[in-house]
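Chain lettering (A, B, C and D) follows the sequence in which the chains are written, and residue indices restart at 1 in each chain.
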Amino acid sequence: MIDKIANSASEAISAVFDGATVMISGFGEAGSPVELIHALIDHGARDLTVVSNNTGNGHVGLAALIENRQVKKMICSFPRTADSVVFPELYCRGEIELELVPQGTLAERIRAGGAGIPAFYTPTSVNTPLAEGKELREFGGRSYILEYGLKADFALVKCRAADRYGNLLYNKTARNFGPVMCMAAECAIVQAEEIVGAGSIDPEAVVTPGIFVSRVVHIADPASENRLLKEGRRYP
Amino acid sequence: MIDKIANSASEAISAVFDGATVMISGFGEAGSPVELIHALIDHGARDLTVVSNNTGNGHVGLAALIENRQVKKMICSFPRTADSVVFPELYCRGEIELELVPQGTLAERIRAGGAGIPAFYTPTSVNTPLAEGKELREFGGRSYILEYGLKADFALVKCRAADRYGNLLYNKTARNFGPVMCMAAECAIVQAEEIVGAGSIDPEAVVTPGIFVSRVVHIADPASENRLLKEGRRYP
Amino acid sequence: MSRDIKGWSREEMARKVAEDIPGGSYVNLGIGMPELVANHIPEGREVIFHTENGLLGVGPSPVTGAEDDELINAGKKPVTAIKGASYFHHADSFAMVRGGHIDICVLGAFQVSEKGDLANWSTGTPGAIPAVGGAMDLVEGVKTIFVMTNHTTRGGESKIVPECTYPLTGKGVVSRIYTNMAVIDITENGLMVRETAPGADREYLESITDAPLTFPSK
Amino acid sequence: MSRDIKGWSREEMARKVAEDIPGGSYVNLGIGMPELVANHIPEGREVIFHTENGLLGVGPSPVTGAEDDELINAGKKPVTAIKGASYFHHADSFAMVRGGHIDICVLGAFQVSEKGDLANWSTGTPGAIPAVGGAMDLVEGVKTIFVMTNHTTRGGESKIVPECTYPLTGKGVVSRIYTNMAVIDITENGLMVRETAPGADREYLESITDAPLTFPSK
């Protein structure tokens, strides 16, 4: 019987290796898999390339992973937010690399990686500094640049409900990058607030089909990053 | 108030013009918008380029549109099926053009058209006759060809339920090309078995968000193409 | 004299923008001042708001206590969803943006040039952390780009310029500028003033604007 | 002698293929003979079947009278969906195929070359209507391609050839061939026979195969 449910977050992320590329879902705190990230901090894999829209807040979650010096490079669209302190400091000291990608290009590159598309053309960022050094080409009289598909060794994703096949439902705008990151990762590891029986999710409403998911861990009451921030928490 | 509901199929398709590119949903008969196609036959627009996975069956629906000599060119992946007689005859007489596209490339080209991507690379059809004349390029030691996004002036799509915003739900494997065709068409015209109140569709389960839809017509009891075929029906 | 002219308030600016949004439009509002536009859509006109983090049909702000950490807008503020809303993932959301499906986007600006070039993501300061978000996707993909901004910086420098000196977000992308002093169209013939704030006459506007302005001839 | 050898039946061939599919695999079955494989997955082994027209979790054929015109497979035959199935649109479905997410695809063939080239979409007959469907996407995207076919055409010609003469579906894509006479691996060293049908000895197989075969040395 297919059963992708892992016993714990630490078991679920145990295969992450030094130097891996890891996609992490979330837009701000919505959809951020805090428990999986904390398990990755406990695990200790280093020299990671992390693909995530932001760089985390305060000293928990993704920011804590960066602060623990496990991340060599960030690929993201918006590395500084009101509550981000860790990444800006390391970046200004030249101790972490940054690949800045427009948000739509980032999402499309991840989807392309998952869909077997090595490269595509887009008008986004043409005539801006972010297009420098990129291949420029005209189609129908308009200029476009070539962007490459992005794949990852692992994705860490938060969702609302999952079944043993790895079929997923998300919650509102916490869906954001989760579905495309599951597609683009060799091994997508998901934390779900609820584990439901096979057949409980309406097949018409499945957002991420199980084929894109390798492991699921049940985190019934995930931490609110906002609350951790307000409480001034740190991890570890 | 936004209200995309049209009074009839003929009103819904009235804007289709001679020479238009029209995408038509369906895989075989599943998802084929028979009533919209028949309204287009009554309407009479000619010299159409039709994008659809197949070329229709018997003498109804898409096959009838072709038989009525309204279609100049078909872009599809599988132009002959067990019950297709109209297209093969016209094609053998050189009276209709065909652009043959692998099914996945067809779906991806339509999605690209809807997503603002003018072109992308794919390994599909490399080293085959369908890659002849196409730009070949290597990424990471593997060969890919360049394929172009496909857009349309109109899409004719069948769905299960719609609201006044044009949010859509589909039925099982009748979903097939509908969602991407709605994205790629300037004007997506949809026939829905059921019109529901705004808010009746779970926002987490919407398959096609209303932004991709221009008009909806209520066809409560759509024709089964299989049954029309068995009954030997013709249209008009 | 110039010190006395306050021009329109932020709410008045938001009302001007809102009045120019046709019913039935799909609209994306940038972070900050543009978010105010949602509150000023004229009665009886239905407009659908898109937020690029995955929601079509953004509703009003939630009442205190009803906020949901997982229902936010692109500015990471809590929002609500209207009846008839839909949620989708980021690639689908940006397919809406990049595929030309959004009618109007209202953005803030550091600088706008007389040719419609926009700079709104970086002041190019050495050592600053670059952050772009969805701005470059929006300006290339959305049919019509409105800019909503104060006419001048806090230091009194014109944000409307002959050429942007800050790094560009997009070239030739802005259609119209709503400032606290005027509404200005960007046309092939340059900047055409459509409307001015009370007290902001031609002389005054020219004195605070670094690019040439054309005024209606009436 | 050769006329007496019937080889494996279609059901026996399907069982051979099914036995080689590991539990937990995601599998796409081509139209025709490959569809039989679904019925022979060994007891206790769970395999998920994908059909490219938008369903993951294809179940058994429906009982007569329970067919649904809108629940069909790629061969346009009525199917059912298992508990835990999901429906999706064509671009998502082919993202599964083209993105390397399907483990095994079982396809029919007109010809397979000793290098794993496959021809299964067109015999190149002048005037024939070309039709490709999803075959080219499957052979490029799926991790492992099995071919399931009769060893020879009705006319007695070998389907296993040094070079395909029909138009290719893909080059160097096939891993293993299941015929009614043998199971043959395609390796860097050519065609390696894994198993032979009762009565189909080396001499016989070589007599009906146009490409060189290697046999196990035991």
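Please note the rule applied: contacts are C-beta pairs under 8 Å (C-beta built on N, C-alpha and C of every residue); 3 or more make two chains touch, one makes a residue touch a chain.
Just so it is clear, the model here is predicted, and its values are computed rather than measured.
Peer 1: Touching both subunit A and subunit D: give me those chains, sorted by label.
Peer 2: A chain counts here if it touches both subunit A and subunit D, which gives B.
Peer 1: Counting C-beta pairs in contact, does B-D beat B-C or the other way around?
Peer 2: Here the pair linked by more C-beta pairs in contact is B-D.
Peer 1: Can you work out the whole-Å distance between the CA centroids of subunit B and subunit C?
Peer 2: That gives a centre separation of 36 Å.
Peer 1: As a quick test, compute the distance in whole Å between the mean CA positions of subunit C and subunit D.
Peer 2: 56
Peer 1: From the mean C-alpha coordinate of subunit B to that of subunit D, what's the distance rounded to whole Å?
Peer 2: Measuring from centre to centre gives 29 Å for this pair.
Peer 1: If a residue has to touch 2 or more other chains to count, which residues of subunit A qualify?
Peer 2: 108, 111, 115-117, 122-123, 170-172, 204, 207
Peer 1: Give the residues of subunit D touching no fewer than two other chains, as numbers and ranges.
Peer 2: Residues 81, 87-88, 91, 94, 97-98, 140-141 of subunit D touch two or more partner chains.
Peer 1: Pairs of chains that touch, anyone?
Peer 2: A-B, A-C, A-D, B-C, B-D
Peer 1: Please output the residues of subunit D touching subunit A within their complex, sorted ascending.
Peer 2: 23-24, 26, 46, 48, 50, 56-57, 81-88, 91-92, 94-102, 140-141
Peer 1: Using the touch definition from the top, list the residues of subunit A that touch subunit B in their complex.
Peer 2: Spelled out, the residues of subunit A in touch with subunit B are 108, 112, 115-123, 139-140, 142, 144, 148, 169-172, 202, 204-205, 207.
Peer 1: Quick one: in the complex, what on subunit A touches subunit C?
Peer 2: Contacts found on subunit A: 27-31, 53, 77-82, 87-88, 91-92, 98, 100-108, 110-111, 122-130, 170-180, 207, 224-226.
Peer 1: Sort out for me which residues of subunit A touch subunit D in the complex.
Peer 2: Those residues of subunit A that touch subunit D are 1-2, 111, 113-117, 163-165, 167, 183, 198-199, 201, 203-204, 206, 209-212.
Peer 1: Could you please specify the touching residues of subunit D with respect to subunit B in the complex?
Peer 2: Residues of subunit D touching subunit B: 51-55, 68-73, 76, 81, 87-91, 93-94, 97-98, 122, 127, 129-137, 140-141, 167-171.
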